[in-house]
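Letters A, B, C and D name the chains as they come in the text, with residue numbers starting at 1 for each one.
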Amino acid sequence: MLVFDHVSKRYPNGYEALSDVSFSVEAGEFVFLTGPSGAGKSTLLKMINGVERSSRGQVHVAGQNISRLPARKIPGLRQGIGVVFQNHQLLFDRRVYDNVALPLVIAGMKPTEVGRRVRAALSKVGLTGREGDWPETLSGGEQQRVGIARAVVHRPPMLLADEPTGNLDPDLSREIMSLFLQFSQLGVTVLIATHDLELVESMPARRLQLQAGRIQSP
Amino acid sequence: MNESATGSGANIRQINRADRLRAWSRHHRQLFRSTLSTLLNQPGALLITWLVIGIALSLPILLSLALREISEADTRQVIQPAMSVYLSVPSESETAQALLQTLRASSAVGEVRLITEQAALMEFSSLAGFGDVLNAFSENPLPGIIEVVPRERDGAGIKLLAQQIAGQDGVDQVSFDAAWLERLSAILGILERVLYALGVLFSGAVILIIGNTLRLTIENQRGEIEITKLFGGSDSFVQRPFIYRGFWLGFGGALLAFLIIQSSLLYLSDPVERLAQSYRSNFALEALNFGESIGLFALGALLGILGSWVSVWRYLKQIQPK
Amino acid sequence: MNESATGSGANIRQINRADRLRAWSRHHRQLFRSTLSTLLNQPGALLITWLVIGIALSLPILLSLALREISEADTRQVIQPAMSVYLSVPSESETAQALLQTLRASSAVGEVRLITEQAALMEFSSLAGFGDVLNAFSENPLPGIIEVVPRERDGAGIKLLAQQIAGQDGVDQVSFDAAWLERLSAILGILERVLYALGVLFSGAVILIIGNTLRLTIENQRGEIEITKLFGGSDSFVQRPFIYRGFWLGFGGALLAFLIIQSSLLYLSDPVERLAQSYRSNFALEALNFGESIGLFALGALLGILGSWVSVWRYLKQIQPK
Amino acid sequence: MLVFDHVSKRYPNGYEALSDVSFSVEAGEFVFLTGPSGAGKSTLLKMINGVERSSRGQVHVAGQNISRLPARKIPGLRQGIGVVFQNHQLLFDRRVYDNVALPLVIAGMKPTEVGRRVRAALSKVGLTGREGDWPETLSGGEQQRVGIARAVVHRPPMLLADEPTGNLDPDLSREIMSLFLQFSQLGVTVLIATHDLELVESMPARRLQLQAGRIQSP
């Protein structure tokens, strides 16, 4: 499902954020990505959905070579990937409903179907009945959960999450993680970058550890 | 995942072409309304933008309306001078009558009016200070005159016509105010140049204003664009709402231009009527008719779409999720 | 914390008034440069804004320049008609000479020219078609004429002058083209109205455009404003960079207006010269002089500051950290 | 230094985020604020620097009644409070240096002095030499540390931090927390909202626990 083949990433300013990274992930696998601040976790995730391109090496997603994908095929790739990104908050000029509905609107889904799905996704993250609220009126943790609902609402075959529980208390974090685990049991490939080592250790999942842009021996 | 990665745009679950088309047209219908209501959420800002576009659109149109009136009404009725053709033969003679026929039949000539010797005498005596002079004559010393209004408005063309008429039998002399004609065509030339320059400036301004407004709007929506792209919105999907926004800005601007034009005409109608009265003409500034109004709205909408298209295309490419 | 909570603005460590003033003027000096360089970071966008403001500023100025030329050159030299004062006494008589003196001394009269009986005869004979008529007289039947150019330009004032002159000794009759005068003042009235309306529209447009651009800029800078306020920036501290931005936009717009005006004058000079030749006058469109150019720049800067002040004041209050 | 006196906060939509909260904090105290997502932690912090106003009750900061402070005195209040807010990131169109320098520029400090202070603050959060970078080129954790440097650069008498270590790995989190602790030992009053219970328990600090808008018995 996902293959990194000797991938390096050098940013325009010359900094090498990833050096010779190789690994592969099967469909339906659940993988944690850990490492200290600045290790390259976010960079690695961004290379999977084409936000960043590799400087050397190849990234394959579902058999496609992302490193060579023409720009017009990027939208199609991204429609199959749900993302929770570290810096990517909600649209503050749209209600919670419209924020969560975005991937479905992009997919051109019928309005009635959209409503059903949005409500289902919100209830999964414990925000039933909040679809009419403005994001501004939500607490930090609630906003983060809306972001998670948006990432899973269109049931993508792959899910990337960057620090999805940074603003959540331990109990909620565990709930959200087990939600992700359920997804992977339904066949969704899940990759999660996190600092919460306690949580990582308590989950039955594979762990990729990054250190200064390199995969540590497992 | 394989099948969803093949197309571009809104195709994650649609394998079916009809479904995709339906989703596409749904998106358009929905945007048509939602972009307007988004704009209306900031009524003050929207009104200002509309006003600016309206002013920019209305001015060249007002000027061209004015020019149309001038060239239709004034030059025909007042400014365009008649030639005076002085006859060498009595106005009742056959030669004079034949000349009259020829002139009436000529395509270069608009109106023809005969002033007989008696009429000329009366007109002349009514001129201040010459009444006594003519009383000294036992016989009428004045010749008959034919007044000819040429169709041609160009100075050179009128001169040519005058020469042709002067060559005819029974014509003593042809006189007309050449200097006035030259002046008129110079003034019209300036007006035309000014109008042309204004048209270019203002069309440019409208596109610039709309483009600029949309560029700033796009920068404001950077987050929205980034997130939409992150979830697989294609360039055209992201661009669509901005095109509709441009449409509404241009269309509303045209609406305000329409109001500005009609109220300006009202505001000017008073002095223009006074002017018309002094010419003993009853022309008045005419408002935009139905077709012209439709044309104005279409122009506004078109410029709006164009402006947004240009600026969105430039900026959308630059905005990529980070 | 007590002492820092007393003042408002930039006062955390300054208890000293002189220090505070120094910090204030440092901020101003620094903003003067930094706002321009920020604007120059987006040269395309900046140029477009400048162009739009430049166009809006240049048009009323061009129109008022045109009106100034018209009222100075044309009406004086060409359009303004002379009155013809027909004498009832010989032009060599003492009465006539006294009349001439009175008219020359009058403050209501501009130029005075005597046309003697002989000169009148020669002029009259040169009129087409009347040469033969006068040969029939043994004696000159024409009276002497004094041509009077009134200082007054208003139709009613000229009528009054005519009546006064008509009451003098030795005057038979006074004639002048009243209709033409009425027309002229009607046209000038329309031009004045148009100019007035355009002036209002365009000054409004400049303020609107600058205000609108700054409003969108402010919305773009919402994050910056929120964070600055969160760290204790006072309203005037937050507003300052926008005022400078407005200044630069208005000033640059005035610069472009200056270029547009000078090149328009160049573009129009050709047909205007043709027109002037037809009037046998040597007037030409005059470029802006030094003082006027300075005034234009000041106007642009002022409008820019005003526009930013208005829009910033409205929006800054709304933006509060969340 | 800080007194909450029967404070309630009802948001315009009618939701009561804080109910009858009373406590006081001495100058130089170090206090953790904990509680599940949506408990009202951020709301409480926002009432200290005048971002939100109480619906009932009074908030006193350094002897001033914040609930009654006129708008023109708010800037002065805020200049004395360093903040790390949950949603408040950096200005992405300014370099790290200018981001950190902001409180000093507002205070009208001399440019030479500003440079010295900014570099000192950045070195404290482990970002020596990064002042010329654009925030965009920093990792999530690095951005968060720039925010922390900005909050302490002007040495305010009070420091509020909302989830300051949500994007940091455990080691870095501990370092940052001990930095805050040093500040409090220098007389700075420090209030930190966090979910990291493990860290809270390992620190010698007072703990205020919120639950659905109420202070729990200690």
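By definition in this document, a residue touches a chain if its C-beta (ideal position, glycine included) is under 8 Å from a C-beta of that chain, and two chains touch if they have at least 3 such contacts.
Only a predicted model underlies this, so the values are computations on that prediction, with no experimental measurement involved.
Colleague: What is the chain whose Cα centroid lies farthest from the Cα centroid of subunit A?
Modeller: C
Colleague: Can you check how far apart subunit C and subunit D are, centre to centre, with Cα atoms defining each centre and the answer in Å?
Modeller: From the centre of subunit C to the centre of subunit D is 58 Å.
Colleague: Determine the centre-to-centre distance between subunit B and subunit C, using the mean Cα coordinates as centres, and give it in whole Å.
Modeller: 25
Colleague: Could you work out how far the Cα centre of subunit B sits from that of subunit D, in whole Å?
Modeller: About 64 Å separates the centre of subunit B from that of subunit D.
Colleague: Averaged over CA atoms, how far is the centre of subunit A from the centre of subunit D? Could you give it in whole Å?
Modeller: It comes to 29 Å between the two C-alpha centres.
Colleague: Subunit C: which residues touch two or more other chains?
Modeller: 322
Colleague: Could you pull out the residues of subunit A that touch at least 2 other chains?
Modeller: Subunit A, residues with two or more chain partners: 87, 89.
Colleague: Think of each chain as a node with edges to the chains it touches; is that a line, ring, star, complete or other?
Modeller: ring
Colleague: For this structure, give each pair of chains that are touching.
Modeller: Touching chain pairs, listed by label, are A-B, A-D, B-C, C-D.
Colleague: Under the definition above, what is the set of subunit A residues touching subunit B in their complex?
Modeller: 1, 49, 51, 61-64, 72-81, 83, 85, 87-89, 91, 93, 102-103, 105-111, 150, 154, 157-158
Colleague: Would you mind writing out the residues of subunit C in touch with subunit D in their complex?
Modeller: Spelled out, the residues of subunit C in touch with subunit D are 1-2, 4-14, 19-20, 22-24, 26-27, 223-224, 226-235, 237, 320-322.
Colleague: Enumerate the contact residues on subunit A facing subunit D in the complex.
Modeller: Residue list for subunit A touching subunit D: 11, 13, 15, 35-38, 41-42, 86-87, 89, 133, 137, 139-143, 145, 162-163, 166-173, 195, 197-198.
Colleague: Flag every residue of subunit C that touches subunit B in the complex, lowest number first.
Modeller: Per the stated touch rule, the residues are 45, 48-49, 51-52, 55-56, 59, 84, 86, 128-129, 132-133, 136-137, 141-143, 172-173, 175, 179, 182-183, 186-187, 189-190, 193-194, 197-198, 201-202, 204-205, 208-209, 211-213, 215-217, 219-220, 260, 264, 267-268, 271-272, 274-275, 278-279.
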